[in-house]
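The letters A, B, C and D name the chains in turn, as written, and every chain counts its residues from 1.
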Amino acid sequence: MTTKATLRRRVYLELFASARSDGKLTRTNRMIVVFILMSVALAIVGTERQVTVDNRTVLRWAEFGFGVIFLVEYVARFWAAAERPGGGAAMRKRVDWALTFFALVDLAVVIASLVPFLVTGAPIFRLVRLFRLASLLRFGEFSNALRALSAAIVERRYDLAVTGALAGLLVLVGATALYWAEGSEQPEAFGSIPRAMWWSIITLTTVGYGDVSPVTTIGKVLAAIVALGGIGLVAMPTGIIAAAFSDAMQRHREARVVPSSAAPEKL
Amino acid sequence: MTTKATLRRRVYLELFASARSDGKLTRTNRMIVVFILMSVALAIVGTERQVTVDNRTVLRWAEFGFGVIFLVEYVARFWAAAERPGGGAAMRKRVDWALTFFALVDLAVVIASLVPFLVTGAPIFRLVRLFRLASLLRFGEFSNALRALSAAIVERRYDLAVTGALAGLLVLVGATALYWAEGSEQPEAFGSIPRAMWWSIITLTTVGYGDVSPVTTIGKVLAAIVALGGIGLVAMPTGIIAAAFSDAMQRHREARVVPSSAAPEKL
Amino acid sequence: MTTKATLRRRVYLELFASARSDGKLTRTNRMIVVFILMSVALAIVGTERQVTVDNRTVLRWAEFGFGVIFLVEYVARFWAAAERPGGGAAMRKRVDWALTFFALVDLAVVIASLVPFLVTGAPIFRLVRLFRLASLLRFGEFSNALRALSAAIVERRYDLAVTGALAGLLVLVGATALYWAEGSEQPEAFGSIPRAMWWSIITLTTVGYGDVSPVTTIGKVLAAIVALGGIGLVAMPTGIIAAAFSDAMQRHREARVVPSSAAPEKL
Amino acid sequence: MTTKATLRRRVYLELFASARSDGKLTRTNRMIVVFILMSVALAIVGTERQVTVDNRTVLRWAEFGFGVIFLVEYVARFWAAAERPGGGAAMRKRVDWALTFFALVDLAVVIASLVPFLVTGAPIFRLVRLFRLASLLRFGEFSNALRALSAAIVERRYDLAVTGALAGLLVLVGATALYWAEGSEQPEAFGSIPRAMWWSIITLTTVGYGDVSPVTTIGKVLAAIVALGGIGLVAMPTGIIAAAFSDAMQRHREARVVPSSAAPEKL
């Protein structure tokens, strides 16, 4: 990319996804994505006692290994941050970088993996690495799709507000109807509107666990009306987002047919 | 908006959403929307014994507080109603306003909050405040979306009638099939067509509580056919509304690109 | 419609929906639609013992009443059938009409309502009246929508075949996977592929009764993969029909903007 | 198709779907499709002990019959494979064909049906015949639809990646939330994130068996938020595929209006 690249510059270009104008992830970045996914999987599996009892040592060492990898990467990024665009002393740039949100997340991840007492105490905390993932996936093709998705949500905010409000109203009306019909029959499940809202939400999303369901005739009639009338209404906001997202991606694809001259980043 | 506005006129413009040509809600109206939502939430929570036992006094005072707020607003609106467009005496205009549907709802809400014996007797009654909400949200951006939604429903009434009739037929056919197959095996659940319709509706909406389900082989085969054949058919009306609504909003957005000169209301 | 209309002609035009060129239902036809819906509702309710025990006499008389109405209508239609277009003797035309599918259905309905021993024996048989309904709703606006729906299905038959085959394959693969994983653990639910298909269909349609569900870890993992991968695939055929139907109705609406001169039927 | 067709050539054209330029299946091929479907159905039914106990002999003979049919077909195809396009000796062409994937599948199917000890040992193995089906259905109208479907998936791979990643994230977040809220209350169901993911997946796909569901208030609130927020998000990938597939088929239909001169295959 540049002929007189020093080692630091090469490390910078390799580690900082933002440094590349085409937004593609470097090989190192791709490897880090894989390491993060693996360490997240490890953190998830690590909550299951049946696994941890037999493999305590293995898990601890794997955790430690990922911690070292992330530490090395953090130190390398800290060092290479001096190559970031803009004026100022190298150390100043490094500190600036270290105080960015994603760098702090990064640091937290490293600490959580390496300090033993934190490791045993809060396995959920390690899921913070998913934010690390977000910091990498902000770039490239993936980011266009994400931007299309959020643009779709913003563009259709009124559609979403209306259908969301209707869905909320339906949940409330359904809950009130069943509270009225079954409240005295099943006080545990329908004894108040908030309780009945659990039934209402689980029914209108069509999940339907069956832990609570009407038993009286009038309750069943009302529930059937609510279910028939409201089916999909609760799913309408998602349908709207899906349609808008699909349209936005389609436009994006059509626009890309015209070749865009990917100019190298100004340094 | 007008240079020689008296206090009464200013109150009128602040409280009556219909007074403003741009359909935007004033700051006072927005606050009232928030108060209504809070008081509705209070009414919902107030049905839960676990909450009310410990917080009876707090809830009663909060309820009273909202009552006072709505009373003050009602009186202010009654007074300012004299500024409504059209001829006639001030008092005449006020009475005309007081007899409108939403003003009556308003009054009912105030009374329900302030008269103690009504408060303890009918908590559901307080949900009438949601109508109050409707009276405010008829205006502004929200109203365009609502109008688009209802226009979509009207435009596609035949589509809805056909798919609705097919869905109804499927519910009936499914219920009859299971009544025939499982009626003698599970008389409590499938002993009559109306009983089997409970199963049929809960299955075809894909809620599937599992409180009733076929146990015989023939029953399961028929249920599987009904489920496979009917899946989504019951959801088709909603899909049609969603698509029509989405199209209408899209057209509305495209039309809005042309700047519309929002002329001030003729008084 | 015609100045020298005899009584028989007027009855013909009133009762035979096919006689009118605009496809609109006459007032008498609309009343008959209502009567059919009422008698179907009666037949449905009549299967519920809780209702019939207390209202045996009422139900029997209502059933008899509908029988008389349908008998009168049948006789009137038989008499007026002489006015049907085409040559030949009046009686010949009547017999021709009486042998059409819908006329035979009509007769069966009348007999089922009036002959007592049939009435008590086969309440489901009375649902045959729904075919009667179909004979009337073949006309008018409703019929256009129905035609659009069936045209949509024919047009997209390959789409449906492919997605249907994929859905069927998924049901089979899911069933085989769970049969393999849970067959020995839960022989009653997963002891054979046909048994496992009950689980597979109820899961992939997202009904999810919960009467059968995997209990082993491997079974849950496989079930989760099947559910995630297959969700909506089973619903895809319906989605395709819905989209095609929606498009067809939209085209129909746009075409109708051009006023069509509804010429009176050639007699 | 060719005037000087020998018997071998005729058999070749009848059995090899790839030999025909129009991609239509011959009558023999259609029959084989039916035989495969029947033998697959037999293999499925054959796993059900209730059926096999009473019909052991019938099933065995039916299985043997299908084996003979597939053997005859295999031998005929092996013989006719000499007519395949390209140079070389007849036997060489046959061996080349016999080593293709689908020919090997074919052979495996024949062996599995005819060798008795394999028959009793591995009924699932017989489902391999479905691959045989795939080898035939690669041709004709069906194949266009399949190609449209896979093209749709490839074209929208980024859309699918984004929505798939979001769905996966939602599953994880939901599982973590419930693990935190209900882990100590219901250790069997929510005692680890992998366990909670079972709940999470079954809820977000709206299957909702009800074998595990939250019981604490905080668990229900979190579950309701996850259900409301995530409903459809998990179904979005399928929705995207369905839309893309539907569009592709529509384009295909429009393109087909222009008559394409189906030139006979070059031999």
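Heads up, the rule we're going with is that a contact is a pair of C-beta atoms (placed from the backbone, for glycine too) under 8 Å apart; a residue touches a chain by one contact, two chains touch by 3 or more.
Just so you know, these numbers come straight off a predicted model, no measurement behind them.
Visitor: Interface check for copies chain C and chain D. Shared numbers divided by all numbers used: above half gives same, below half gives different; which is it?
Guide: Different: when the shared numbers are divided by all numbers used, the fraction is under half.
Visitor: Look at interface A-B and say which pair in B-D, A-C or A-D is its repeat, using the rule that over half of the contact pairs are identical by residue number.
Guide: More than half of its contact pairs match A-B, so it is A-D.
Visitor: Which whole number of Å gives the spacing of the CA centres of chain B and chain D?
Guide: Computed from C-alpha means, the inter-chain centre distance equals 46 Å.
Visitor: I'd like the Å distance between the centres of chain B and chain C, where a centre is the mean of that chain's Cα atoms.
Guide: Distance between chain centres, rounded to whole Å: 32 Å.
Visitor: Return the residues of chain B touching two or more other chains; collapse runs of consecutive numbers into ranges.
Guide: 197, 206-210, 235, 239, 243
Visitor: List the residues on chain B that touch chain C in their complex, please.
Guide: Residues 155-156, 158-159, 161-163, 165-166, 169, 172, 176, 179-180, 191-195, 197, 203, 206-210, 213, 220, 224, 227-228, 231-233, 235-236, 239-240, 243 of chain B touch chain C in their complex.
Visitor: How about chain B: which of its residues touch chain D in the complex?
Guide: These residues of chain B touch chain D: 206-210.
Visitor: Of all residues in chain A, which touch chain D in the complex?
Guide: Listed in rising order, the residues of chain A that touch chain D are 44-45, 47-50, 124, 127, 130, 137, 141-142, 144-146, 149, 167, 197-198, 201-202, 205-211, 234-235, 237-239, 241-242, 245-246, 249, 253.
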